[in-house]
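Next up: the structures, one after another.
What follows is chain A paired twice: with chain B in the first complex and chain C in the second.
Take a look at the complex of A and B:
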């Protein structure tokens, strides 16, 4: 396995102001998954479900409250700085916001040169050549090297972000909602580019998204996150064909269908994810679940395999 | 860019005109007259009348203004006090003021930027909180009071010379002793002049740095695997310095205009002290000339700040044509 994430937890403490009591936000609360070489694993969920935090933890950009991330067999949180730097070459990230994630005062060329020379990816004499090559791979003209980020459109910026990510020849790329900030017309291009690069370079992706249509297009396997934990995990086609968790079903039902004849059967429960769910011991989806029973209130369901390669955390799923 | 600068310069002219008119009126309305300041009250009214005529003080104010303006451009402004050409008087004082202010600007940036960066990277640590406290003290403490305290301290504890630019009778001393003497004379006034700036700009630097550190591209830089110091000094600092650099423009006026308070307290023979003395003796030509020079410098400083902004930030380009 290229990447193994085990029981990852990240709690953010908060203070309750002058009179309120403080507490913790359990952004990620026991997430585990694996990604094989050249595979795409997608994490989906509502905002606030802990997807992005999981992505940042996976790259070691945050330190976890508990749990480990095993990249190529080593727990990255146990590595020292220089070992980590060496791993960084092989695990890169594409960020959601193509506007904020590029340094406004660096030209594209400078930006790429910095990474290439910092990690000694290529000999100094070949840096320029390699930059041109990278820009070509992501579909940009090599004359763009002297331009600053503000001179590009959102799609082009995301291509620059991708060029930067692949410049180190990584084996894993964490793509945190890489297309959600883009126009629909550009999304397809960027998704195709990501797929092309995967085939060409044998990349593995941890693909974070809230858009299920996008996920279906790019990933082989999907994990559905709810309040910091994966509640269902399966191969993409299996998940779309036979969702077992009521939350997954609600998510799938919420995909708009391009046919006005079909009435949208909204099964997504009203309201948002509760913030005080930790006070009850049972299933975290209990308060919104249409199928909840007494057991669900009292016992938290484990993530178990109900079929080959199909895991779900729901008491009702197996019957 | 050139066109932009030219346009801005032209826009300065009416502003400058307004400033000179107002200052001229204000200084002339101030109680006391140049003659009363100079002469024995028992002098006969005829001589007083003669002097008023010599200084054109008998003419209406707008005529006096026009005369002053004419002389400012053509030369021929003489001090009421000693009859020397005003520009010569100012020129004699200029080097002292420039030295003092250059040193204090170096002190300001030399201390404020590292302090601000340190505070930002160690946010809410003990040292950061102490820095916050020190900055508030530094901003709110009156310069003249701190100056007297420091003079007392320096003289009593170290017995070093602090007033004026140099000690008397230094001619016989060696080069090094002379240099040391100069440095001692320079140290306190330049420090006092810099205190407010250090306190203010270090706060400015801190908040600027904190804002940049939260940006997504800093996370990008970390994800690249850069070392923490490279993330801070290469990516964050450069962006955070942007608003700070432009402040240099606002420091230019003080650089040549001098500081009235510090120069007076330390008996520093600069333009600030000259301005103070001229105001006391109602030496209108000198006061007005210094005022005009200061106004020009303030306007140029503002312009320099805007231009610097464009120079350091590639995103800002003023209309080309």
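Take a look at the complex of A and C:
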């Protein structure tokens, strides 16, 4: 396994002001998954489900409250600074916001040059050549090296971000909603680019999205997150064909169908994820679940395999 | 977008910049402009009013006031720039460290800033100069280390907001060292308000040096500086008005010009800061 994430937890403490009481936000609350070499694992969920936090933890950009991230066999939180720096070359990130993720005061060439020479990826004489090569790989013209980020469109910037990520020749890329900030017309191009690079370079992706339709296109395996925990995990096609968790079903039903004749049956109950779910001991989806029973309120369901490669955390799933 | 375009529209700022450049040129080329050495004592021509031979008159030792003023400009400008250079360097360093690392480092450094700001700077400087002896190097250093607090706060505020931006997270994911992230990535994006405060700081430093020299704690005679020309002329204020008027005007105009440039830059670089005192 290239990456193994085990029981990852991240709680953010907050203070309640002068009169309120403080507490913790359980952004990630016991997440586990694995990614093999060259494979894509997708995490989906609505905003606030902890998927971005999971991505940052996976790269060691946040330190966890509990749990471990094993990259190439080593727990990255046990590494010292220089070992971690070495590891960084093999795990990179593509960001959601192509407008915010590039330094506005640096030209594209300078940006890539800095990465290449800081990590001594290639000999100094070959840096220029490598930059041109990288730009070509992501579909940009090599004359762009002198330009600043604000001179590019969103899609082009995302390509620059991808070029920067692959410049270190990583094994794993965490792509945090890489297309959700882009025009719909551009999304396909970027997704294709990511797929191409995967084939060419043998990359593994942790692909974070809130859109199941996008996930279906890029990922063979998918985990659905709800309030900091994976509630269902299966191969993508299996998930689409036979969703077992009521939350997954609700997500699938919310994908727009391009046919006005088909009435979208909305199974998603009104409201948002509760903020005080920690108060009750049961299932975190209890308050919104159409199938909830007494047991669901009292006992938290574990993520268990109901079939081969299909895991779900729901008491009702097996019936 | 178009800092220069915006700056150019501000006529006062352009006038200020013209004056600053003019003063620079005159200070740089003073040996070509004046006919007399600033230290040239001629008792036979003492206290002559402005005339063709001495456009700004002569002082009580018969020295040419124009010549002394121009050489004094060199000193005033050097003090202004070196002192501000020191203060900006300290301010950037303290502000960047406090803003980037946050938590107790930030709290400790900012309380130190608060403490420094509590001292009445001018009297602190007087004390230090009295202890270390008045010479131009000491003046520069002391002005520098008593005026960095504003810059530190500005830089810290910029860092607090910039460090949350995704491109900073990106540099961390690339494995760069903190030093590289702070100085190569965040700092260039935080420089606009620093440039403004530096320009305004030059004006403040020139004024401070003039004040110190006036009290005899700054540049020591016979070296000319606007402050000590003023203080030497004070005795003759009723007989030789030119000895006090011209250095006074020079200080006024220079400080005003730097302030105009600084405020113009502030408006041009950052519309958010418009109308805020530096």
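Just so it is clear, the second predicted complex is superposed on the first by the 319 of 319 C-alpha atoms of A that agree within 3 Å, B and C clash if a C-alpha of one lies under 4 Å from a C-alpha of the other, contacts with A are read in each partner's own complex, and residues count from 1 in each chain.
Keep this in mind: a residue touches a chain if its C-beta (ideal position, glycine included) is under 8 Å from a C-beta of that chain, and two chains touch if they have at least 3 such contacts.
Small disclaimer: the values here were computed from a predicted structure and weren't measured.
After superposition on chain A, the partners chain B and chain C collide with one another. By the touch criterion defined above, A:294 lies against neither chain B nor chain C after alignment on the C-alpha atoms of chain A. Judged by the touch definition given at the top, the superposed model places A:104 against both chain B and chain C.
By the touch criterion stated above, A:120 is placed in contact with neither chain B nor chain C.
Touch criterion met: A:148 reaches chain B, while chain C stays clear of it. Looking at chain A, you'll find residues 59, 61, 84-85, 88-89, 92-93, 95, 97, 100-106, 114-115, 118-119, 161, 164, 168 touch chain B in one structure and chain C in the other. Of all the residues in chain A, the ones that touch chain B in their complex are 59, 61, 81, 84-85, 88-89, 92-93, 95, 97, 100-106, 114-115, 118-119, 148, 150, 161, 164, 168.
Residues of chain A touching chain C in their complex: 56, 59, 61, 84-85, 88-89, 92-93, 95-97, 100-106, 114-115, 118-119, 161, 164, 168. Those residues of chain C that touch chain A in the complex are listed here as 165-167, 169-176, 180, 184-185, 188-189. Remark: chain B residues 215-217, 219-227, 230, 234-235, 238-239, 242, 313-315 touch chain A in the complex.
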